[in-house]
Amino acid sequence: MGFLKYALRKLGLMVVTLAIIASATFFLVNAVPGNPIAARTLRMPETVKAELYAKYGFDKPLWPRYVITMRGLLRGDFGMSAVYEGDTVPNIIASKLPVSARLGLQQMLVGVTLGILLGVVSALKNGRAADFAIIALAAFAVSIPQLVFSLLLQKFFAGAKTGLPIIGWSGFKSTILPTIAGAFVYTSFYARLMKSSILDVIGQEYIMTAESKGISGFRVVTRHVLRNAFVPIITYLPMTVAMCVTGSFFVESVFTIPGLGYYYVKSVQQRDLSMVMGLTVFIAALLLAVVFVTDILYKLVDPRIRLERAGKR
Amino acid sequence: MSDLLEIRRLRVSYHTMAGEIQAVRGVDLSVGENEVVAVVGESGCGKSVTARSILRLVRRPAGDIKSGSEILFRGENVLSFDKKRLRRYRGGECSIVFQDPLSALNPTMRSGRQIEENLRAHSGISAAAARAEAVELLRRVGFDDPARRARQYPHELSGGMRQRVMIAIAFSNRPSLLIADEPTTALDVTIQSRVLELLRELQVETRASIVLITHDLGVVAGIAKRIYVMYAGRIVESGSSEDIFYHTAHPYTKALLASVPRMTMQSKLPLPYIQGVPPELIDPPSGCAFAERCALCMDICRREEPKLTESNGRHSTACWFETLPGTDGGGLL
Amino acid sequence: MRRRTLALTLALALLTGVVAGCGAQDGSSPSAPTQTGADENGSGAAPQNTGDTAAPEDSDGGEKLAAVQELNLLLFDNRVYSLDTGASHNPFEWHILGQTGEGLFRVFADENGFDVRELAGAESYEISDDGLTYTFKLRDHNWEDGAPVTAQNYVDAFVRVHTPENAFTYSFFYQDIVNAAEALAGAVPPTEIGVRAVDDKTLEIKLTAPAPYFLDKLTLPVYYPVRADLIGADTDSSWGSSIEKTISNGPFKFAEWVRDTSVTLVKNPEYWDADSVRLEKVTLTVVNEDSTRAQLFNAGQLDVVSGAADYFATWKAQADAGEIVRVERFNGRLARLDFPWEGGTTGLTNNLKIRQALSLAIDRQEAVDLAFNGLQLPAYGLYPTGVSISGTPVRELVSEPLTELAAQYVNDDAALRKLFDDGLAEEGFEGTRADVTLSFFTTDVVESLKVLQEYIKQTWETKLGINVNIDLVTDQGLAYQKMLGFEYDVAYSNNISTDYNDPYHWASIWSSTGGTAQYFGGYNSPRYDAALSSLAAESDPAKRAEIYAELERILVAEDYQIVPIYYSQLEYFAQPYIRNFDFTSLVSPYEYSRAYIVEH
C-alpha cells in the first residue's frame, strides 16, 4: 500500500515540476525581443498583419498569453507552429520521435553493449596491458566531437560501392553510419561504470563464499559477480534511454535525419514558441517519468532498497 | 587415528605495494576424522589465511601459497588438484563458514537459493528436490518457518539467522571437513552460544570434522578437542584442550589466558592485556616473534627462532624457555 | 522578398551566370526560345522547351537516354514551411511548388541565363488597350485526378490570397488588382476582387492602373490554381502541412515530404505536356554540411551542387577539364549597405557628404576579388543583373549611375577625407575624423562575407581615418528589431530577392508608403515618391526605362541612401550527363521539368 501512496506523491511532484518548467520556458523564450513572424509582416497591409498576429496570439501582451498557453497545456493543446503552417506538437512528435528513438536506441545498443563488454574485460584484466588499452581507447572515443566523427565517417563511406548511404533515413543501411557516429559517447561511461562496479563486487566476501561452494567459474561470474555488478548499470540505463531517445542534433544534422533533436534546435533558433514549449514539456515529462521508473527499477533489481522508510523488522 | 587433513610446511604470503607480507610462515597442522580442532590467536596472526588455504581461497596474484607447502586431504594434496577435482572438493567434501554472514551472502539471491546452489553443484538433483532439501536444511538449523525464510533475502534476516543459513549451506552436502572462520565473532553473546551449540549438534550428527578459527578462547573451551595457538604466522603451541588450558606452556598462551576478563575480577582494576604489538610480517624478525613482548625473553630468543617441540604426549610448544634444558619449564605460571 | 542574409549565406556561393562555356555538350545550352505571348495581344502555340524537344537519338550529339531518369538535388536549407501555394513566401518553396503545379506562365532560362517567361497554363492572352484588363485563355489540361483545370480554380486562388483571415505573407503582392487592397483591409469581401471566370476556360483580371510588369508577377506560385473542393475553406492552411491534400496540375507531383529533410517528386502522367517530361523522379535533400555535399557530388549521388565553397577550386579544375559542368548564374540580388535616413547610432550617416565619402571610398572590384575570388560583380547601381524591362536586360537600357564617380574618387584619399570633414562640419561634430566611431551592423557569419566586411571596415579606417565597429547579431528576431529601430550607422544586407522581372520591384521598395522602407533605413524622399508614381501613367518601355534610371540615380548617386557593393552571382557545379536543366535566376533557382539524363 505504501507503493500506491508513493506513486501518487511522485506523480503530483511531476505535475508541479512540469508546470514550473513550462512557465520557465515560456518566459525565457519571450525574454528575447522579436518573434518568429515579424519578419514576414513587412509588406503586409495592417489588417492582414493583425490577422496574422491574432492567429498566433501575438496580439496580446505577455501575461494573458501566459495564461492562455498554460490553460492550453492543461488540455494538452500546445498550439500551432508559427513557422511551419499546420504543424502541431503532437504530429511532430508522432512523426519525429520514432526516428530519434530508433536512432538513439540503436546507438545505445551498440555503445552500451560495447561499453559493458569492455568494462568486463577491463575489470578482469585489471592493471594489465589490456586494461590500459581499453581505458585509453574509451577516453579517445569520447573526446572526438560527434560532429567531426560524423563527417569523417561520411568521407570514408561516401560512394555507391560501399553500399552505405551517407545521408538520409530510409532502410536499415542508412541507419548504420549515424548509429556508429553516436554510439561511442556511451561506451566510455558504461565501460568505466562496469569496471568499477565489477571490481567493487569481486572484493566482496560473498564471492569467496560462492567460490567455496565449488560451483563453476562461469556461474560465479554470472550469477554472483555480474548479477550484483549490474545493479548500478541498470539504474543508469533509463536515464540514458531518455536522453538518447530525444535525439542528437549533430548526428541528425550531418546525416539529414528527420529527428526530434534537429527539429527542436531549429525551433529554438526560429523562436517558434508553441513548438519549443510543447517539445520542452514533452521531453521534461519523459525525463521525469524515467526518473520515476528508475526508482522502481532500483527496488526491483536490488532487494536491499526500500522505496519508503519501511517498518523496522 | 588417520588424519583427515594434514597441513605441512604451509607458507602463504601476500604481495602488496609495500612489500611481501608473510602471513603464514610455516604451519603444520592436522585434523582427524570426527574431530573438532581450534586455531586461536589474535588478529593478524594468520589463522584465517591458514583456514582459507585449506580450500585454496587465497586469491592470486596478490595471495600466494608458497611451493613446498602441502595440504593433504585424505592423503591427496589439495594444492595440486585440477579444476574439476577442486570443485568436487569445495562445498562437497570440505566447506567453510565465514565470519560476517551479511557480507558473505549474495544480497541479490534468496536464502533458499543460496543453499540450493550448493546442493545442485554437487549432485544431479532436480530444482524441485533441491528446493525441498534446502527447506529441510533450514528447519534442521533451527528455523521455525523454513519455507518462508527460504524465500527471504539475507538482509531480511537477523545476524544469527544469517549465520545459520551459512551453516546450512556449509552442511548441505554433508562434508567431511568444515572450516568455521570466526563464526561467532560478529554475533551477540547470547546468539553466539546458540550458534556454537548448533555447530556442535551438527558435528555429532554428521561426524564431520571442524576446524574452528577464533580469537576467543572462551569459545573453544566446550567444543574443541585440540587447540593450536598461532602467533605472527606460526604455531607457537598445540595440544589437547586440557593441555592448553591447564598446562599452558608458551608465554604467549599464558598471556592470552590471563587477558580473558573474568566475572570475578574487581571492577576498578584495569583490564589485563599483553604489552606491545605483534611484529610486522613484511620483515619478520629472525628470532622468536614474541620476544619483544615476552617477560621471559632470553638472548637466544632474539637470535634464533624456537622450533615446535613436543614436550609430553601431543603437547608441543615453540619456546626456548620451555624447551631448553636447564630452564624451568613444565607449565608454570 | 526580403531575405535574412542567413538564408543567402547558405546559398552564398550560389551565383547566377551564363551557361556559356559549360563544355561543348550539346543539348545543355538552351536554344533561343520563341517569345510567345511576349507582345501585347500575343497569342501563341505551345511553348518550346529549351533545348531539344526531339528525342535524344535525333540530337546532334547522338546521345541516348539513360535507363534511370532520376535527379538528385539539394533542398536548400530547410525553408519549405508549407505546401500551400497561397502561403508560400520564399524561393525555396516557390521552386518546388513551381514543379508540382502550373500557373499561367512558366519561366525558363535563355542561353545567356536571363529568365524567359513562356505560356504554360494559359494558351494565349489579350491585354486591353487601356492596359487595365487582361484576358487569359486557358489551355485544355487536367489535374492529376482528371478534373479539368478551370478559370474558377484561379479565381479561388486569388480569393484565398486576398482573404485577410488567411494572413498570407504574400497577400500584398497583387494589389494592382481591382479591390485587392480593399479586400485585404476588410472593407470588401474577397470575392469582389477584380478576378473573374468568364467561362471555364477564360480568366479575366482587372487592374486599377496599367502595370506593364503585371505579367511578370504571374510567375509566382502564390496565385497558382487551387482545388477549393479538396482543400475546403480552412484558414489555417493545415492542408499545406502534408502532401495528402496536395493535387498537381504540373509536371511533377509529390511522392514524399519529410520536414527539414527531403522532398521527393515523381512525374505526373496527367500533365498536359507529359511527353516532354522525361524525369521519373526528383529527390531534393537537405544537406547541412559542406563536406557531405562534396562527398555526395563526387560519388555521383548528387547531381547539382552549390555552396561548398572549399571544394570549388577542385571542381573548377574538373570543369575546365570537361569532367563536370560549371555554371555561373546571377540571381537577382544586390549586396549593399543601408544608411538610416534619420537617426542611427551616431546620426552621422544621415549626412550626404559623409555618405558620399563612405560609398565612394570602397574599391568594389578589389573587395569582390578578395572575398570571392572575383566571382561576384561589382555594383554601381540598384538593379541587379538578370532584371529586364519588357524582355530587355536592364543594363542595356540604363547605365549604372555610380561608375564614373566611383572611379574618380576611389583612390583619391584627400578628396574623400575632405568630403567627410565637410560632412562632420555640417553635422556640428566636435572633434576630428579620428574621434568618429561608426557602428557597422551585420548578421553574417559566412567566411567570405566576413572577409568582405572586414575589407570595407579597413578601407574606411585607412582611407578616411575613422573607427568602425562591426556589430554582429545572428539572431533573426533581434536583428529585425535592430533594423526597425535604426540601431546602426550602416547596415550590410543582401536580403532582397527579385520577385518578378521588372525594376519596379526594386524601385518600389524605397517608396515611403510601401511599408518596406522602414526596414531599410526609413528612406523618405518626396522626389523619389513622385518619380515612382509617374510610372503608373507610363507604359512605353523606353520612357519607363528613363524613369527607372532617374529613380536609381536619386537613390544611389544623389541621396546615397544605399551603397551598392555587388550583384550576386551564384556558382553551381553539375554532373555532365544532365540536359535541359535550366538555372533560372529570379524567382526560383532551377527549372527542370524538361530535363533528362543521358547515358553515362
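A, B and C label the chains in the order they appear, each numbered from 1.
What we mean here is this: a contact is a pair of C-beta atoms (placed from the backbone, for glycine too) under 8 Å apart; a residue touches a chain by one contact, two chains touch by 3 or more.
What you see is a predicted model, and the numbers here were worked out from it, not measured in a lab.
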Is the way these chains touch best called a line, a ring, a star, complete, or other?
-> line
Would you mind checking which chain's mean C-alpha position lies nearest the centre of all protein C-alpha atoms?
-> A
Subunit A and subunit B: spacing of chain centres that average the CA atoms, whole Å | 54
Centre-of-Cα separation between subunit C and subunit A, whole angstrom | 42
How big is the gap, in whole Å, between where the Cα atoms of subunit B centre and where those of subunit C centre?
-> 94
Listed in rising order, the residues of subunit A that touch subunit B in the complex are 204-206, 208-217, 219, 223-224, 227-228, 231, 301-304, 313
Given the complex with subunit A, which residues does subunit B contribute to the contact?
-> 52, 55, 57, 83, 86-92, 95-96, 98, 100, 103-109, 117-118, 121-122, 153, 155-156, 158, 166, 169
Given the complex with subunit A, which residues does subunit C contribute to the contact?
-> 2, 4, 78, 81-82, 84, 87, 89, 164-169, 171-172, 181, 184-186, 236-242, 258-262, 285-289, 291-292, 295-296, 298-301, 475-481, 514-516, 519
Touching residues (chain side subunit A, partner subunit C) in the complex | 32-36, 38-49, 51-52, 55, 80, 83-87, 91-92, 95-96, 151, 154-155, 158-160, 166-169, 253-254, 256-258, 262-263, 266, 270-271
